[in-house]
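As structure tokens, here come the structures.
Look at the two complexes coming up: subunit A is in both, with subunit B in one and subunit C in the other.
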Partner chain A sequence: MHRNIGFIFCLTVTIALMAMILLPLVVVVLGSCINASLLGLSTDLWSGSLHDILDFSAFGYIFENYGDWALFSLELAIACVAICLLIAVPAGYALARYPFPGSGLVEELVLLPFSLPGITLSMGLLATYGELRGPLLVLAGHLLYTIPFMLKVVTATLRSFDVGQLETAARSLGASFPQRLFLVVLPNLRHAMMVGSLLVFAVSWGEFNVSFLLNRGRPQTFPAVLYDTYTNQSIQISSAATTIFLAIVIPAVIAIQWFGGRESVEVEQGA
Partner chain B sequence: MLTHDFTINASSIFSVRERRQLVPLLLCAPLLLLLLAFLVWPLAHLFQQSLLLTDTPAAGITLRNYLEIASVPRYRHALLWSLELSLAVAACSTLICLAPAWLFTRYQFRGKLVMRGILTLPMTFAGMIVGFLMVILLGRTGFIPQMFERLTGTPFLSGIGYQFPGLILDYLYFEIPRATLTLESALCKLDSRLEQAARSLGANRWHVFRLVVLPAIWPALISTFAVTFSVSLGSFGVLLVLSIRRFTLLPLEIFTQYIAPPTDQGIAAAMSLTLLTVAFLTGYGLRRVTRRMGITHA
Partner chain C sequence: MNILIEAYNLCKSYGSVAAVHDFSHRFAPGKITTILGPSGSGKSTTLGMIAGLVIPNNGSLLLNGTDITRLPAERRDFGLVFQNYSLFPHMSVVENVEFGLRVRGINRTERRRMAMAALEQVHILHLSERRILQISGGEQQRVALARALVFSPRVLLLDEPLSALDAKLREGLRTELGRLLNELSLTAIYVTHDQVEAMSLGHELIIMRDGRIEQSGTPLEVYTRPETPFVATFLGSANLLDGECLQIQPGETRLRLPFVEVLAPEGAAVGPCQVMVRPEDVSIVDDCDSQFHGRVMSSVFLGNQARLTVTVGKSTLTVDTSNEEIPTPGMMVPLQFREAKLCVMPKGV
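Right, the complex of A and B next:
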């Protein structure tokens, strides 16, 4: 297409936004392992040896002290993915394929957490299930915030092409219900389930408000590690923790881009 | 023999209809149970708590907690600051992200996917991480002020991250992906031939934008505003890390109410519900408006 003033203007703004996003990430990643004085930063706030150029001791510190927290967070994210697949995919199929009286309301209710501040939900859950405070309540909170993503991807895919016709065709050719399910419906949903799982994983891994308030004692989720290091540790250790966080979340976001393309655009707007 | 056949047919028809009602409900049942147990019931419980006084729950239902939010200066300021900040952030991010969304939908060029990927990176960053990134970049001994000090001798931009414009910048950081993606999905549905037609009829670029593009993307702008507004309203992680004393936000007030020992549960519940009501009404109301506008436009 013709390159004009509009293109150059939009490109300039976009590049400025990219710089705004990338610059602090680069400084943090470098700051986690390179001598702070080389980056031109004052060294009194940064721990670590001042003689070595590269210093990975902060990573060792994180793994030693918070390794189980990271593991707990990963387990939680994977549990969320599994439960979302089990609960949201059948429900999404039913809502898209066999709408029943009140199914519109159910969909509105599922999407409610998109405009529900995490702190409000946490207060509600604590007021109701205060004595259950711990990993299980955290899982419930995470599910409420991740299910909308999975459900939206699944229903959007099911509505974008006519599964009904495919299923009817399969049935007229003599396919039984399990055959239709495993040979017609699920293969067409494979892509949506992949994108949905990645979204669920990334959201669960990055969630802080709900997990911090609903959990008790150790281990906490990984964003709580970040909070802990930001408030109690040197900037180098905080940077190392942030780098580990990014090392998990960035590949997930890239994979979503890679698999999702345009279909996932409308889904990625939740909190 | 005939009647026998008939009854079999009738019962099988009945069971098919019944199955049609029953199967979707069964498939939705786990989801419904989860929503009722962990979303509807807790919110109802929270509502009840917000209507009771923490010290004297026997006094019965009262709106005293809500009135206290309006009358205690600290809470009132927190609410107003929250609204102000979220409005500013939503307006800024909707306007600014129009540029990348336009770029990604209207032009083909190399490196588009990479640029799009970079803009969506902060999607799942908690506010607290953004707060830390800003401390590193724009804090009192941050990267940019120190660079400027080396180059020019004065620490330019030092501490801007601790002021209102800095906060808007922080919030913008994690709103960029949401705003860009929401706008992009709307812009790619817009037919570019309309603009070409207007151009060929002699309209200049500004007129095309104002009279053709803007009316068509208006609903998308509103829904982007709603999404970014409700996300900003609930976020307090940035402030939790920056810990600016003279500034507070409603979600941060709830958080400190809960963390600090003498917790007034009634007030905390009332503040939580105020937050939810504002976020939900804005999001839901604006979505309704755009849906209606979308129908009239189609």
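Right, the complex of A and C next:
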């Protein structure tokens, strides 16, 4: 009986918490396509459809006016993923496989950007590479925030099974270094690289501070669209922008959960 | 195809710690050589040097007369079986076995055919499509063996391959492994800390201690004629007694032990010595045949036999006896050495 009461209590708290988190998202998504002024809920001056309750024209407005911003953000996120794969995967492999005196410190230093406010990091970058201000410096800022994710996922995975022993086995079977890399190391890292890529993509796509401070003029990154529309536009338009933002980031987060879950199952079975 | 491996003065040290010191041995072609030693004796490091995974600081390794000391492991064509199997978790059983053929550029159909034949050889053909994580430890070790054998290695190296298995499984797999290796007449080097494995599988046995070869020979030789007290006590159980060989007259040497004097074994040098006698070479006999008497301090029933601890004067002897009439503690028993089995070692080795 006590257990039932406890269970109901926990369930209620969980549902309440979920509602608290999800409700604003639902309101935003609905707000992007329901004509609030027709319902008498708003005095917005948005001049979309005057007659339809269901009205998607705000999305058209966003694509028309901020399409290049979205594209810039997507390009930035994809570039981050590509560069992280090229830099953080080999670096993570080197750190996990061939530790050297001080390699632990290196790993911790890579995490430093997490403990610094975006503005501090941006000022540092501007002071050092001021003349590069613009998309290139934004990319550099994003990399400082995203490389640690990829590096951590890769090193943690490499440490969860003895990759050195597998490489030794491959050597004994006659595999050269490239063969060991492509037939043994990378296939065992594919989940980690997938999870890392999705994390990097999501972080880059959602990053605001650094992008805002390091960029010069237009286009800005997509989170700046949210800032811009919430400060200057009607609720329906900013809701549409937010909906587009979520439509990109939520599938990525779900995929991270899915791949992450599979990864941990495999590691457990392997152990 | 009998491959001869010769090691000359192989040395390996890690920092100031010498892991292996002056390892020289000519491994019998087409035979199984077992390397036995306690942990830290350098046996795995030695195997690593033979495999090409550990670079020796000094010495050389010859394969049919060709120096391969610096040849990388991947170009030696040696099969290697590890204690922890080291199978590739992202591949199926048959893909694991195919790996060595794949990196040698053998086409898909041919390598599948060869891998299936290798799996059949180790009796797990039915598991070919399983994932590695779906099969048991014993089955994994069979996969590892098939994977190491499929590309017809010149030499097979095994590093404690059965240590991770439970006792019953280990025994079965040991017998099977011995049969398979003998059928293939491969030059095989087998590292183990299990003396039963070392003696039953090896045509030749090397005992290592502190990075050096303590003794080598056939298992029977090493067991019956240990050259040092370490070998005597490490391989099986042994009674060690202080003694002295005395020349009574030319051609007659006597061996004086603390509680009995017997005819010295042939070739025993005159002077103080240590004498090794195995528990099975001390027998309980009729009073009239006895050389000495001892008091039973404890007796342990071991199923097929019983092990007694007996004191004779100030010495203590371990004696194995049949399980028919087991003396009880406190009893005096008449005892006799099987004199031919007494092994005399110089003192202070």
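In this text, the second predicted complex is superposed on the first by the 240 of 271 C-alpha atoms of A that agree within 3 Å, B and C clash if a C-alpha of one lies under 4 Å from a C-alpha of the other, contacts with A are read in each partner's own complex, and residues count from 1 in each chain.
The rule is simple: a residue touches a chain if its C-beta (ideal position, glycine included) is under 8 Å from a C-beta of that chain, and two chains touch if they have at least 3 such contacts.
Predicted, not measured: the structure shown is a model, and the values here were computed from it.
Chemist: Given the alignment on subunit A, is it a clash or a fit between subunit B and subunit C?
Modeler: fit
Chemist: In the superposed arrangement, does subunit B or subunit C reach more residues of subunit A?
Modeler: Result: the larger residue contact count on subunit A belongs to B.
Chemist: Can A:104 be said to touch subunit B (first), subunit C (second), both, or neither?
Modeler: It touches nothing on subunit B or subunit C.
Chemist: For A:202, is the partner it touches subunit B (first), subunit C (second), both, or none of the two (neither)?
Modeler: A:202: touches subunit B, not subunit C.
Chemist: So, A:188: does it touch subunit B (first), subunit C (second), both, or neither?
Modeler: second
Chemist: After lining up the shared chain so the two structures overlap, which partner does A:94 touch, if you call subunit B first and subunit C second: first, second, both or neither?
Modeler: So A:94 only meets subunit B here.
Chemist: Classify the contacts of A:170 with the two partner chains as first (subunit B alone), second (subunit C alone), both, or neither.
Modeler: In the superposition, A:170 touches subunit C alone.
Chemist: Taking the superposition as given, tell me the minimum C-alpha spacing from subunit B to subunit C, whole angstrom.
Modeler: In this superposition, no C-alpha atom of subunit B lies closer than 6 Å to one of subunit C.
Chemist: Determine where on subunit A the residues touched by subunit B overlap those touched by subunit C, and list them.
Modeler: Subunit A residues touching both partners: 266, 269.
Chemist: Taking the touch rule as given, give the residues of subunit C at its contact with subunit A in the complex, in rising order.
Modeler: Subunit C residues touching subunit A: 51-53, 72-75, 77-80, 82, 84, 86-90, 99-100, 102-104, 133, 147-148, 151, 157.
Chemist: Under the stated contact criterion, what part of subunit A meets subunit C in this complex?
Modeler: For this pair, the touching residues of subunit A are 161-162, 165-166, 168-176, 179, 183-184, 187-188, 266, 269-270.
Chemist: Enumerate the contact residues on subunit A facing subunit B in the complex.
Modeler: That would be residues 1, 3, 5-7, 9-11, 13-14, 17-18, 20-25, 27-28, 31, 39-42, 45, 86-88, 90-91, 93-95, 97-100, 103, 106, 109-110, 112-121, 123-129, 140-141, 143-144, 147, 151, 202-203, 205-209, 213, 223, 226-227, 230-231, 235, 238-239, 242, 245, 249-250, 252-254, 256-257, 262, 265-266, 268-269, 271 of subunit A.
Chemist: Please output the residues of subunit B touching subunit A within their complex, sorted ascending.
Modeler: 20-21, 23-25, 27-28, 30-32, 34-35, 37-43, 45-46, 49, 96-97, 99-100, 102-103, 106-108, 113, 115-129, 131-134, 136-137, 141, 143, 146-147, 150, 169, 172-173, 176-178, 181-182, 184-185, 188, 205, 226-227, 230-231, 233-237, 240-241, 251, 254-255, 258, 265, 268-269, 272-273, 275-276, 279-280, 282-284
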